[in-house]
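By written order: A, B and C. Residues from 1 in each chain.
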């Protein structure tokens, strides 16, 4: 009887460990492949030049249009998400602090929002665009992506804010602060590192998402000079180049993918870094 | 100078308004999509839309079943591949792993979660499609280009892993030490404690993690689109191509406005996606809350 | 004759802590040290736990008494941050350094925690769990044991009609008695109790204490408590701890009425 137990225990220890290590292996493999394929075609001009006329047939140029477009869209969308999301998160943690049930309901709905597929936002954005008489443009792209990333900003920031001890708020209120002042002066300060993490997460999502900008941002070889010009995005740029029948163009898709991966890696790692810094240098 | 009171009231109201807008989002989106779908709904019955396999937009016939079928197939496959892996890894991380490993896994999971869909799709094309077409299919004596439901399932599985894993770890972490101590002192080994305490007590959390992971897989667009083949057909053979619902929308938005009712159809497809994913989220998340309260 | 002395030359520890104890030890603790990082939770503990007597571990919070209790059946394994060294002999086996079959050694002791932790199964299965772990398959035997243990803790008549309903449906006092019965079902020689009544109402506390008084006829009992009157009521042997060291121990009459050390004097003043 005992032998069977020991055997079973050993097997599962091995199995579960193998599962764990294989996940690390999978990640390593993905990054390895992307970088290996991508770095061979990655040149400086890829990053610094716009595609020339013949770019999609193997001609000169780079993906600066997409890099710029993506940065603009992600940046603009993050800004909107902040304007809407930060006050919302602060509200949940300050004004609603006494209404536990409402708090929980709101968080429950927000969590469910986080799961909505980006293509739904894309379709909605497209509908909105037509209704407002806009054409595929930077602005339409920014608005659509902001729908996508606002729940992310709210919930991540909210997670951090909820760990701030209530005592701090109570102290502020008894000193004469209003609820809103408590929210902005105290919660925001205390949770600032968490805010940075939320911004990074949202930005990372915004820059990598394709389905939401597919219909709404359009595509162009130029860098948009104002809001109603179409904008190229890195994910779409990769996608279009990859579908090309010409091998050189496909190679360049890998390079663009490497660029995107690097951007996302930097964002993920710095988000985690800031999250850690929050838990260290903070009032406990 | 605006008095502090008025200033405070203004920011206070703005906060409330911002929150209200965000909470109403799904409703607004749903309504808009519904409005756009009405022409289609007026044209054909709901059952024929959902369950007919006849997809001929040029003739004004829209049967969504092949797409729903593909979506379901690909989602279930991704579940089969990712769920056991995630469960085992989560158990290892919470019970057996060293601190060093845990510290490594955190960024690994974060990065996996942050990798954009298009990169997974690209990886799928480079690695998985040949794997399926040149390796796995011949093993079963089937010819396949590799662009298949199976390839879609595998890529989706990898994409779901970070989410499921995080949720599972969260679940396991909430199991009180006292319960594990009780099992230990009764003579249970570590693995027996996992079996009898962790998995039992964590069951609601585990089920929810699985459900939410599947919801995510159901809505995933780009990565699947790149490897699944995009052929409208209903087949039980996973080595053949499929055409999940999100891919339908993404691939055809260009033609949307040139064929009558096509735009309604695609908006209707988006509406289906919204409802399904939102429902799954609401149900499973409620499930966790209810299970936690029953204590 | 075993006489025990506290280790360090703190103020009163050496001479003051000599009291005579019984011959037979159920547990023999030698040079037990527990660290959590730099924090020295248990400092060179040497202790004999006498057989078939109730030993009470007393002390202010943070003195390490719960950690000591948990070291006795190596529950410290669950806490990766703890660094444990030393020997704990249960009979001839050193549970801390044994290479084989710690689960079986653990079954020599039954644990009762501060809060009841019923397993997520039915009342019947809670008690049957330990029995089944021992390898018993006979259904009639298991059912007989379950009934017997429930009777031992005075729970049988309250639950006999709903043995298969979830253990969560019981009140806290009943759950604690259930956990006691569950621990007894593996037929341990020793019972370890970590503040077993602190979460209970006075009625249930009284019942648990009565059980302990009966159980000490057949089992060795080690109780951690901060309730001085409980110590007075139950103890045959009192061990007073302070900051990870044993400061005084011995007969409850002697120790509690005539404390020798300053720490114990202060503790008693606050407590009574």
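Quick note on the criterion: a contact is a pair of C-beta atoms (placed from the backbone, for glycine too) under 8 Å apart; a residue touches a chain by one contact, two chains touch by 3 or more.
Predicted, not measured: the structure shown is a model, and the values here were computed from it.
Chain pairs A-B and B-C differ in how many C-beta pairs are in contact, and the one with more is A-B.
When chain centres are taken as C-alpha averages, the shortest distance to the whole-protein C-alpha average belongs to B. Averaging C-alpha coordinates per chain places the centre of chain A 52 Å away from that of chain C. Rounded to whole angstrom, the centroid-to-centroid distance between chain A and chain B, based on C-alpha atoms, equals 17 Å.
Between the Cα centres of chain B and chain C there is a gap of 49 Å. Residue positions of chain A touching 2 or more other chains: there are none.
Shared interface positions of chain C, i.e. residues touching 2 or more other chains, are given as 104. Under the contact definition stated at the top, the residues of chain B that touch 2 or more other chains are 189, 192. On chain B, the positions that touch chain C within their shared complex are 99, 176-189, 192, 196-197, 200-201, 294-295. Those residues of chain C that touch chain B in the complex are listed here as 70, 73, 75, 77-80, 103-104, 106-107, 109-111, 113-115, 117, 119-121, 129-130, 133-134, 168, 179, 182-183, 186, 192.
If you check the complex, the residues on chain A that touch chain B are 5-6, 8-9, 12-13, 15-20, 22-24, 26-27, 29-31, 33-34, 37, 83-85, 87-88, 90-92, 95, 104, 106, 108-113, 115-124, 126-128, 147, 150-151, 154, 178-181, 183-184, 201, 204-205, 207-211, 214-215, 235-236, 238-239, 242, 253-254, 257, 260-261, 264-265, 267-269, 271-272. The touching residues of chain B, when paired with chain A in their complex, are 4-5, 7-9, 11-12, 14-16, 18-19, 21-23, 25-26, 29, 32-33, 36, 84-86, 88-89, 91-93, 95-97, 101, 104-123, 125-127, 158, 161, 165, 189-192, 194, 212, 215-216, 218-222, 226, 246, 249-250, 253, 266-267, 270, 273-274, 277-278, 280-282, 285-286, 289.
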